[in-house]
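Shown next, in structure tokens, is the structure this report addresses.
Naming follows writing order (A, B, C, D, E and F), and every chain is counted from residue 1.
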Amino acid sequence: MYAEGSPGRPCPEHERPRFGDIATFMRLPTAPSAAGSSVAILGVPFDGGTTFRPGARFGPSAMREASRTLYAYHAQHRRDLFDRFPAADLGDVAVVPGDTRRTLERTEAAVAAIDGEDAFPLVLGGDHSVTLGELRALHRRHGPLALVQFDSHSDLWDELWGEPYSHATFARRALDEGLIAPEHSILVGLRGSLESANDAQLPQRFGIRVIDSYSYITAGARSTAHAIRTRVGDRACFLTFDVDVVDPSHAPGTGTPEVGGPPSWHVLETIRRLAGIRPVGADVVEVAPAYDTAGITALLGATVAYEFLALRVLSGLSPFVQPASD
Amino acid sequence: MYAEGSPGRPCPEHERPRFGDIATFMRLPTAPSAAGSSVAILGVPFDGGTTFRPGARFGPSAMREASRTLYAYHAQHRRDLFDRFPAADLGDVAVVPGDTRRTLERTEAAVAAIDGEDAFPLVLGGDHSVTLGELRALHRRHGPLALVQFDSHSDLWDELWGEPYSHATFARRALDEGLIAPEHSILVGLRGSLESANDAQLPQRFGIRVIDSYSYITAGARSTAHAIRTRVGDRACFLTFDVDVVDPSHAPGTGTPEVGGPPSWHVLETIRRLAGIRPVGADVVEVAPAYDTAGITALLGATVAYEFLALRVLSGLSPFVQPASD
Amino acid sequence: MYAEGSPGRPCPEHERPRFGDIATFMRLPTAPSAAGSSVAILGVPFDGGTTFRPGARFGPSAMREASRTLYAYHAQHRRDLFDRFPAADLGDVAVVPGDTRRTLERTEAAVAAIDGEDAFPLVLGGDHSVTLGELRALHRRHGPLALVQFDSHSDLWDELWGEPYSHATFARRALDEGLIAPEHSILVGLRGSLESANDAQLPQRFGIRVIDSYSYITAGARSTAHAIRTRVGDRACFLTFDVDVVDPSHAPGTGTPEVGGPPSWHVLETIRRLAGIRPVGADVVEVAPAYDTAGITALLGATVAYEFLALRVLSGLSPFVQPASD
Amino acid sequence: MYAEGSPGRPCPEHERPRFGDIATFMRLPTAPSAAGSSVAILGVPFDGGTTFRPGARFGPSAMREASRTLYAYHAQHRRDLFDRFPAADLGDVAVVPGDTRRTLERTEAAVAAIDGEDAFPLVLGGDHSVTLGELRALHRRHGPLALVQFDSHSDLWDELWGEPYSHATFARRALDEGLIAPEHSILVGLRGSLESANDAQLPQRFGIRVIDSYSYITAGARSTAHAIRTRVGDRACFLTFDVDVVDPSHAPGTGTPEVGGPPSWHVLETIRRLAGIRPVGADVVEVAPAYDTAGITALLGATVAYEFLALRVLSGLSPFVQPASD
Amino acid sequence: MYAEGSPGRPCPEHERPRFGDIATFMRLPTAPSAAGSSVAILGVPFDGGTTFRPGARFGPSAMREASRTLYAYHAQHRRDLFDRFPAADLGDVAVVPGDTRRTLERTEAAVAAIDGEDAFPLVLGGDHSVTLGELRALHRRHGPLALVQFDSHSDLWDELWGEPYSHATFARRALDEGLIAPEHSILVGLRGSLESANDAQLPQRFGIRVIDSYSYITAGARSTAHAIRTRVGDRACFLTFDVDVVDPSHAPGTGTPEVGGPPSWHVLETIRRLAGIRPVGADVVEVAPAYDTAGITALLGATVAYEFLALRVLSGLSPFVQPASD
Amino acid sequence: MYAEGSPGRPCPEHERPRFGDIATFMRLPTAPSAAGSSVAILGVPFDGGTTFRPGARFGPSAMREASRTLYAYHAQHRRDLFDRFPAADLGDVAVVPGDTRRTLERTEAAVAAIDGEDAFPLVLGGDHSVTLGELRALHRRHGPLALVQFDSHSDLWDELWGEPYSHATFARRALDEGLIAPEHSILVGLRGSLESANDAQLPQRFGIRVIDSYSYITAGARSTAHAIRTRVGDRACFLTFDVDVVDPSHAPGTGTPEVGGPPSWHVLETIRRLAGIRPVGADVVEVAPAYDTAGITALLGATVAYEFLALRVLSGLSPFVQPASD
């Protein structure tokens, strides 16, 4: 009677109610490796790099639970996402709580294994420090990546309390290690007070384009998506979504909320309009369920993961897909 | 010392604090029938038709509690809603938990009795399955109705798990039974992933016009209200508001939340701009208080019910009312 | 279709589900006065006398909602409570927020009216300041009352911030005004730190017997009930239950929680074993729903009110009732 | 990297942090059937039989999530529970929401299949109606069972609203169908108000022994366990734990809470002292996560399931095990 | 080891994690008076003027706790706010619960003392009644002030239940006492139902300009800021922010929520664009933490206080500052 | 207007309401060092040693906030705790998130400084790893300490995931480093499942006496206190209270809850009956506010800290104090 869904596909609601069955992502089958899958879900339940409210270690579990309500067919893209792109849930990396370095190594190994199977790693964090491990893994085969970062913070600090690895420094380390191509990278949603004038200059100093939160909201999803696609071009890119990019009303369940962010529909529409870019990996980070209400943050996180999965599917079709909604 | 308000009117705050007294809708008087009332509040505490998170059976109770803060005078319409339109709270239908068919029969009987008194049934759900009972009752005297549905789902499935009556099928049954006129009906706020390509074609297949969530948000309240009024014309119409039409941040207390919806102000303004249509009944459904925070979902539900009541009042004035805000 | 229950009785669950219908206490009928009733429910939604966390103004509403699950037949006393003792919910006193004096006057008037109909006033608070109004009313016909106070605080301060009327002073005022007979009064559940040595001597100084929380827990319900009955004798007594008498784990929804209290079963059993005393009024106070979780505090409050109602019923039967469980 | 634990065993914390990995019960391996397992975990996410607060359909998911913190070695019984008794999580029954009859059939089939493999079905509910399906399955091979029911309600009603199958009637149906042997059955924890005098006589009328809540608390765990063991003898028995048996402070996350129940330690110790009885199946029901706080109800439910599993292990050892703590 | 930050400045995160240390506003130093400070934080924990949900007495505490994440450097204004404007947290006024008059007197005295030191009083409420005390104090030296009120209610009632001082009447009293100049005052965000037609005319009757909620949302932040600046001119002004001006989804933690309000980003941007006006005092009121979720309302309140502080800083620089973002 | 209380004493409620003023412990004065104080409050907001639910970094802040309701006079000990023992709140250690070693060093330094002033360090954690730093500091002058540990876990693991310093290993490290005298140490409240048989033998192996949870509950507070006093004798001792020792119903706000624990009154009475022992330091750890409800866990933690403070005061009086309640 145990059901994880059909091979490579989510379990259909008409067969089994969505609230039932063990909580894999979208009730996809589990698998010990990415072999045979086009998309591999991977949890990284680590929050040792958090500087304010901890709890993102429970993010993968909460997003899997919330993903029960997602269906296989993408309405805007008019496509069953799993038809030609079988997926599996690979479970979680065996993180080492409190040890960022070892956790990054294990994350890198896990993501590299997925990438080595030509599968798309769709990672559920964890705090933003884990992205560094993913970038290291993908850089191996794909070289410096275009980073598309939805985030209310730049994460470009050099260190904090003497510690070089944390959710406040992941992007800086990625630059230091040459993992990303700043001239093709873009940060969307930046806002909030800063510790010093120096902080204000960091993105520019490293050559990363910024669309701040207010500009993003007023420019609209279409214009922003265009800017992102222009920046990224046809380069292999990595999509990282820090759930604190939206307003705390839409994502209370996160560690360092910043008031004044865009609503969910705005961000979801922006992502949908990225159809045509070529992602080689993606993650959703900073979902901290202990601060969530009615699971709305986890549901947003799961939905963004679903949209990232769709971008991968669309990029895998040839000839090049024109986004349905542009 | 027992106070339910003046005859046909809410109890005024200047006489008695709003947090006190037994929680009828807006602290209106109770009544055993709609005789003598222009508007009758009726609860249908049923959630046996829910396919994900249950709990809408507590919706009527929560919306009554939340409605304490609503006043008699409508600011935008510049009118005391109860001056010429006395109202009463008729309590709840004696639903049969787990038995959708019997509950629909009882709901139909209760609504028909209200309609038989020439009063306006304003129903507090309950899940969306209860709307079918209301439509059956109103169809008796008014024929096929124009359905104005605010909802993130179409509820047009034919069945689920072999069951033809549920919140996912109410609109399909209403079409099957000839209760609504699809060419005058409209669905506003549709969004979310679908189980299959077939689902995407359902509204169109049945001739119901759809304004999807993103189009709705970007087109604006004025334009959408115009589209609704054009669609409905001067036909007798039924207004149904599934609280999941707004974003989960604005309505966490519901059973099948879909991220990416419009904010409350957008929907409220749309409804206000419908002044002039001719509703013969209305409901607010899918408020599930166990998932609510600080009662904000119940407050939204109660406020929408208030706006529906206002539309009824405006339609009852002659000559035809021009909406104040258009 | 509006149902409030049979005349003088709660609406039976077999006829109508308990989660439905307008939330009167136990789904009893409403009434404008106590005429014809043996028991009258009365809310006093006032928290202007609160010194720490406010919110008890929502206590009556929350206890009514929670009382939906209470049935007419008392299992331990083996008696239908409403068979010979019809009851009604009289709604709330029109309190004056922020004005303790006027609220006390109105409470006194309302309770005196009930008492004048030879009905038993069962009051839902509100903070503990409201008890003074009730005592004033009942003192008129019954003289100095034996006060049975379940409370973690003595409420015997003379004033606070220059204000003589508050939840910290109600018992002191009752003594000053000669409303209670200290030699027949008893305080059960006292605990917590004190502002000064003087506070420690207050109950003794005024001649009120105290059973402190730890003694109460270890002595047991039977022994404590015996002590209360002995103290009260056959004198007309008043029962007041401050929900903070139980541990905050059992009653988080209150204004001045004190850790280290007894569990609910202990208190309920104590009350049941008071059968035979002669109460002329009772209240349950300090339920602050904004701090409650899953309604457990409100449910406890409603259940205690139910037990007080049972004590009234038992005292009204002749010959004198022997408690079933002693 | 996907890890579900060693074959037949929970995943050890020293290898992988407990907050990680997909949430099977105790992070046990999944399996499509009970073949090769001594114990099989099975979820029945159904709450269509609920008469007050729904939501127990999310019970299996919440108890799996909460079971992350349970370890293999039982401290009181001084035994690794999985050493000779491999276990697996079989996922959930494909329930039919709103259709109690079909759900019972499917539950019966699933449990019979487990029993047919000589494995112990450890069921996570769902509301109490699902127990009937389990009893039907086990009755096939084991005949009338001794029922050990921890519950604040007797669930012995004949029907409710004309419906014979619900959480209020499961025990009555089990008696009607001859599934349980009343002379060996016992109900522990009964309390609360009743609808009528008739309700008070039901257990006695059907020959089921009752230890009511107050007697249970004051008699103590040792004495109660002795009474249960005496009643059950060496007969094949079924253990059913309705989480509302404990006080709402310990289990707020349930559908029909009754204040005045025992604390968790009391119930857990009672269960531990049942070592030596011979269970052939067990379940934990009525965990409704939407009303829970910090997961404490789910944790209690998972822990009771763990204790039931231990009783099965102890009964499977020969010669007969003397409980360590007696 | 006790750290309150550097003299006149918040404690830097790089030195000490933000979640640590005693919760002063932004972890600023405390001080017994405003001597030597340009800005003085002052709490007024009073909610005796609340007419619906109480609890704003805990507002100062919650906003201080939430302010931990605010940094010294303002990103949009490109300025360290404390460089030339040292600040201190002066703690709270010794309010008198339940006594609005005495509390207003003490608030007036405290604010006058701050103003007397030529420091800027930045007040954390408390309900809106406390603003009257502040206006009385500032009127002494600055004469009738331009009032910039962000609020969903006008607070222009003459009395409620015979009481002239409450959060529903503060603006009326300020007019009566000549504390504000209506022709330079403006109310932004008004919405919701009204008790009578009379209420609708109050702002106009007293000459206060109103930008209602819907107009505000659709006109945009830039246009609204322009209107405010035009209205205020170079007059000494007072900024008062009732957190219920934003939608309840963004500020559930408040006493009289009104659905249909603007989002946080809209209001924050409006305030930023006020750079150049000349405030002599400011407050943030009506944060009621018991109804908050994940502290998002308190965080919004603290952030608005921060923005008000920035306006003060900008107004203090010469020559006149042009807002960076206009 | 800034008030922190009188020198060395909490601010009296009669002067200033308890919900007001900046949240120091019991509204005591702050101080940069322990010079002149008999008791020094110190926060250690660190949770990097947590193995399940994080969040104890917010423990000091939450306990300070909750301590507002504690008064100076101890009712059972009949003594004003601050009369001869002035106290101050020293704020928090500048912890290094994620770096247990450096945090331990800083904690050690801070506690040693307090001890060097002959003041009593009363520490608010933080997770249980921080206790090691305290023990290191106190061992310097006092030698191996008698450890009195209230805890549901032994914290005697040697390592976890290769990490020797965490909340699961603090007691083991203390033994390794010779900081505690096992023959005078005692662990009260142990319970829960274990990873292996080896875990069951740890306390015995290291010579630490254990009173497990069930024995503790049934033996009673008096007997357990006697056992502790006997074990400790007149040796310098350290009191450490892991809030998970009580049942999760009483302390939901913690990281690794174990169901089946004692209630709060039991533990508080045990502690009170320790009067006469000679503590040189104490802490309360593992309060994780994100999981708390209505602040009850923080209130328990603050109250236990208060009781520890009382034990210090009583031990400082000569001749030797007989506990009032024995």
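Here, a residue touches a chain if its C-beta (ideal position, glycine included) is under 8 Å from a C-beta of that chain, and two chains touch if they have at least 3 such contacts.
For clarity, every value in this text was computed on a predicted model and none was experimentally measured.
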| Along touching chains only, what is the step distance from chain D to chain E? | 2
| message | Touching both chain B and chain E, which chains are there? | response | A, C
| Greatest Cα-centroid separation from chain E: which chain? | D
| query | What is the distance in Å between the mean C-alpha positions of chain B and chain C? | reply | 39
| remark: Averaging C-alpha coordinates per chain, one finds the centres of chain B and chain F separated by a number of Å equal to 55
| Between chain E and chain A, distance of the C-alpha-averaged centres to the nearest whole Å | 37
| At which residue positions does chain B touch at least two other chains? | 17, 19, 51, 53, 57-58, 96-97, 161, 247, 249, 263, 291, 293
| Chain pairs that touch, as defined at the top of this document | A-B, A-D, A-E, A-F, B-C, B-D, B-E, C-D, C-E, C-F, D-F, E-F
| field | Contacting residues of chain B [partner chain C, same complex] | value | 1-4, 15-17, 19-24, 30-33, 42-43, 45, 57-58, 60-61, 64-65, 89-97, 110, 113
| remark: Interface with chain D, chain B side, in the complex: residues 47-51, 53-55, 57-58, 96-100, 161-163, 166, 290-291
| note | Listed in rising order, chain E residues that touch chain A in their complex are 12-14, 17-19, 68-75, 78, 80, 247, 249-250, 263-265, 268-269, 293-294, 296, 299-300, 303, 306, 325
| So in the complex, which bits of chain C are touching chain F? | 51-53, 160-161, 191-197, 199-200, 213-214, 217, 247-249, 252-253, 256-263, 291-293
